[in-house]
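For reference, the structures are reproduced in the following blocks.
First subunit A sits with subunit B, and in the next complex the same chain sits with subunit C.
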Partner chain A sequence: MNTFVRWLGYLFVIFIAAPLLVVVPMSFSTSSSLEFPPPGLSLQYYEKFFSDPAWLRPAWNSILIASATTILTMILVIPATFALVRHRFWGKGIANLMMMMPLAVPHIVMAVGYYSYFGELRLVHTHLGVILAHTCLSVPITFLVLSANLKGFDRTLEQAARSLGASPRRVFLHITLPILRPGLMISALFAFIQSFDETVVAIFISGRGAETLPRKMFDSIRQEADPVIAVVSTLLFVAVILGLLAPQIVKAVQSALGRSARNASE
Partner chain B sequence: MMRRMTRLVDHQTIWPWLLLLPLAVYLLVFFAVPLIEVLKMSVTEPKPGLGNYQKVFTGALYGKVFLNTFGTATLVTVCCLIVGYPLAYLMSNTTPRRAMMILLLITMSFWTSFLVRTYAWMVLLGNNGPIIWLIEMIGIADPPGLLFTRFSSTLAMVHILAPYMIMNIYSVMKKIDPVLIRSAESMGARGGSLFRHIYLPLTAPGIANGAVLVFVICLGFYVTPVLLGSPREQMVAGLIGNQIEQFLAFGLGSAMAVVLLVITLIVLGIYHSRFGLDKLWG
Partner chain C sequence: MSSYLQLSGINKTYGNFTALENVDLEVEKGEFVTFLGPSGSGKTTTLMLIAGFATPTRGTIDIEGASLAGLDPQDRNIGIVFQNYALFPHKTAAENVYFPLQMRDVKRLEGMRRADEMLDLVGLAGFSHRYPKELSGGQQQRVALARALVFEPDLLLLDEPLGALDKNLREQMQIEIKRIQKKLGVTTIFVTHDQTEAMSMSDRICVFSNGKIEQLGKPLDIYHRPKTKFVADFIGESNLIPARITDAANCKAQSNVLGDVTYGTQSGTELRDGQEVSLVIRPEHLKLSSKRLADRMSAGIEIETIVNYGDNALVIGTSESQQIRVRVPGADVVILNEGDKCFISWTQDDVFVVTD
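Then we have the complex of A and B:
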């Protein structure tokens, strides 16, 4: 029983890994179809991606929209998270529920709403429209990550600074913010990824004017499914791996620098 | 009432609400209003009344699509459990290094965009893909097309949603005290009964969490069923998209969206009353 379940586990490891493994070779294909393994290797689809405005523009739009969404989300969520984590007040339960609601509503439902509402406001097919919509959808995950960080915050550090005569403003700027910085960075990263990956709402409201990368990929998969998609997938994939390994890389670089510094001082 | 009012205006309540105000106003204007817009359209477009809902609940097509969506969501949830449980078991019963590698793989899969994973399945299951090739190798000439069927979309959705299940089960399974297992074994518990009396009850919360997440996400899934599924066996989200984009039937699309939303909220509501929604997303 034990070994059987274990082997089943390994089998499912392959199931999870296999799709991730086909994407990279596909991006170097010479064929224009979904042939796998590819009949020959080339960089032609990388060239196509990096020279075709029809791909570069959506990529740039996505970066722009995700960056703006991140800033707007953080401005709105940071104070709200402080209120919800550090205070007990009337209506807290409702406020908590309000923060999580965008996660409970299926994106297709919101897409229908935005399509009509932003149509009236003339925000369909604009960057601003997508940013405003994505900010709503990014609120819950950003709040979850940030509040988890804030809950683990040791408040005696702030009290110590206060008792030593620092003003509340000073405490916030010199104690609270620096300690909270990693948490803020991670929650901002989550907001960015949420917007960068969001597909359904973008399909309905980004249009030609503010076409995002997921929307372009969706249309392209639906229509021609050429290996440029594999190129984009590979690039996104590399970004994910770099993101996951970033802490290790930073640590390795730091220890290498530390070693060379030690060597230099010896 | 009076006391509540005075509590409402005292400093302790005002300050947190001031901090919350910008976000609350924002969500009201850009989240609640569009949602209400959907509700409104469902009873006013093209003409006022409940005609759209009548269509949704009596039209053969719509009933079929809702049933299909339910069936698919249930199937995907069960498959995710079948994939997730042995994987979580393997991860909690192997060397830490190997568990770490598997965890990294699952995290990587989780962070890879839905679209990328959907495309990968298109390559794997395509007519010039490795799986068809394998089937032909076994000796089945002229195998049936796998792409754009219910099978391909279900498989891809299981792959995409399995990480939710795995993470949830793993997070409870790794906390099971090995002493508990050893003592159960020393008292003669083997295979089936060990699973029934130790593993199942202790991992039940993780299963419940994972199942609700997978089920709810699957109910409203748009991208993968539209790209990989059979056009004749649509799911609700795809049909809503069709109504809006192709037929400009905003009323009917909205009515279906409202029904989908209500079903989703009911599932989440049941979960909330039993476990508390704040635990669902970790």
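Then we have the complex of A and C:
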């Protein structure tokens, strides 16, 4: 490889990773404010995070909201993807466009919209409100991942299964679903991360009642620049990385288990 | 009605495109029938109608006198081997073969035993635990065959199953499929666009062209007595020479290229005096000689190209600007040169008449 291109690559990686290089060391700091480089190393802010309800409650809210968002998104997107990929119907183009809309509209615009509309419905500051808003935001990315998977799915497999005696329901359960499982897992993961990360809409509508982790961080940095923020950032980062690597980890574990099972049976 | 599978008056249209027109076909129990025709001629469409993945616009399909209309594909008990094999990637070879039994509520232990037996029969003993992607093309093909046969289907349909295999493997699989089909006695429809495959495997061949059955008959009948120009051209090599019937009662025709010709007696097609037809002579039935032969009809040609294949050679000559192809044994070709003038000769039985 050309040396120049290689150095450009390194520079890019450093540029991308720079915030982490600052945030992760700060989370182990002894300083009483966010300060870089840290004057000394300790775990005191990790201890604080895991013992302070003011931090644990938003963490729990975030997990709850992201989980519910994931489930709701999948319930909506799976049938919609099958319909949009496999069938032709009147208004398909518009339906497709509507699915992708949240990707194009700035979050701040969506947030203002939700704030006033959900206000009318008394959904502001509730878990349900945040879940509904996050579901809308998660739809496009989930739909993109799933439809790419479904488009690549060989439909003669379904014909084969039918000819072998499977009803459409059994074809779906025994053939379509298992083959699409990796795609489903990844799109669900994207929905989860999207909700877990989302800040703008959460700041507008989550309020005290349904406060999420990113919102709590935002509030806390404005008020006190508490180093716990660095801890939360580090934990969020680790969680997302684990989530993204989950499929590989599962695959590695499965193949290891499979190998030992096969060895045992022979 | 004695036939096992019967298609009567089948039409299939997509919008205003006619994919199949008036298809009639009867297949006997245990018979091996091949659908042969160029791509787009309606072979797959016919299979899909039989399998229940599409419904005929008009016409009926019966097995043993019972109509298939209204039966879903899963209730037809028909085994299909698809061109791309359509093996389930998340199941092992044995699990693939077990699948149709599982759908028939056969218990796993018993089903896997029968799956293994079937894999044995197709020559795949010891490959049960492999996933499809761990198998070669030929092996995947065998799994697909085992899966389509394990539930003792009333009918086996194969849609260009050997298309993706290389030549050696193809020939091997042709023999294998034939062996297994005979052993199990399953009524089989095999689709191909390869005429030698059709010739070597079939009890009968059904030639498709443009959504119609062009001719149906035993392989050698189709080869030696094609009824239409299309069949003569599509099956084997042919010289097709335009001619006009001069005396239908005495089998006489006249052509610019060959002069006056007496053709072999014709069955089936009615010919009229003055009718424009084509004369067909197979390249291997023509003889080359330097002089006219007394006991054969002959015409002069000039040799244009000689293509050597070792055991035989193809000599392409022209007469009256019509190309004539002659197959000669390899040993005879040494005395021939491009540019030579010589004679082709034939007998009455070598010539037959086809209409368009």
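Brief remarks on what is shown
Please note the rule applied: the second predicted complex is superposed on the first by the 232 of 266 C-alpha atoms of A that agree within 3 Å, B and C clash if a C-alpha of one lies under 4 Å from a C-alpha of the other, contacts with A are read in each partner's own complex, and residues count from 1 in each chain.
Everything below uses one rule, namely that a contact is a pair of C-beta atoms (placed from the backbone, for glycine too) under 8 Å apart; a residue touches a chain by one contact, two chains touch by 3 or more.
Bear in mind that the values here come from a model prediction, so they are computed numbers and not experimental data.
When the two complexes are overlaid on subunit A, subunit B and subunit C sit side by side with no clash.
Legend: residue contacts after superposition of the two complexes on their common chain; A:Phe190 is shown touching neither subunit B nor subunit C.
In the superposition on chain A, A:Leu8 makes contact with subunit B only, not with subunit C. When both complexes are overlaid on chain A, the residue A:Ala104 reaches subunit B alone and has no touch with subunit C. Legend: residue contacts after superposition of the two complexes on their common chain; A:Asp154 is shown touching subunit C, with no touch to subunit B.
For subunit A, the partner with contacts to more residues, out of subunit B and subunit C, is B.
When both complexes are overlaid on chain A, the residue A:Ser163 reaches subunit C alone and has no touch with subunit B. Of the two partner chains placed by the overlay, only subunit B lies in contact with A:Phe82; subunit C stays clear of it.
The least CA distance from subunit B to subunit C in the superposed model is 13 Å. When the two complexes are superposed on chain A, none of the residues of subunit A touches both subunit B and subunit C. By the touch rule above, subunit B contacts subunit A in their complex via residues 4, 7-8, 12-13, 15-17, 19-20, 22-24, 26-27, 30-31, 33-35, 37-38, 41, 83, 86-87, 89-91, 93-94, 102, 104-109, 111-124, 126-130, 159, 162-163, 190-192, 195, 216, 219-220, 222-223, 226-227, 236-237, 240-241, 244-245, 250, 253-254, 257-258, 260-261, 264-265, 268, 277-278, 281-282. Subunit C makes touch with subunit A in their complex at residues 51, 53, 72-80, 82, 84, 86, 88-90, 99-100, 102-104, 129, 147-148, 151.
On subunit A, the positions that touch subunit B within their shared complex are 1-2, 5-6, 8-13, 15-20, 22-23, 26, 33-37, 75-77, 79-80, 82-84, 87-92, 95-118, 132-133, 135-136, 139-141, 144, 193, 197, 199-200, 203-204, 214, 217-218, 221-222, 225, 229-230, 232-233, 236-237, 240-241, 243-244. Chain contact summary for the complex, subunit A toward subunit C: residues 154, 156-157, 159-167, 170, 174-175, 178-179, 262.
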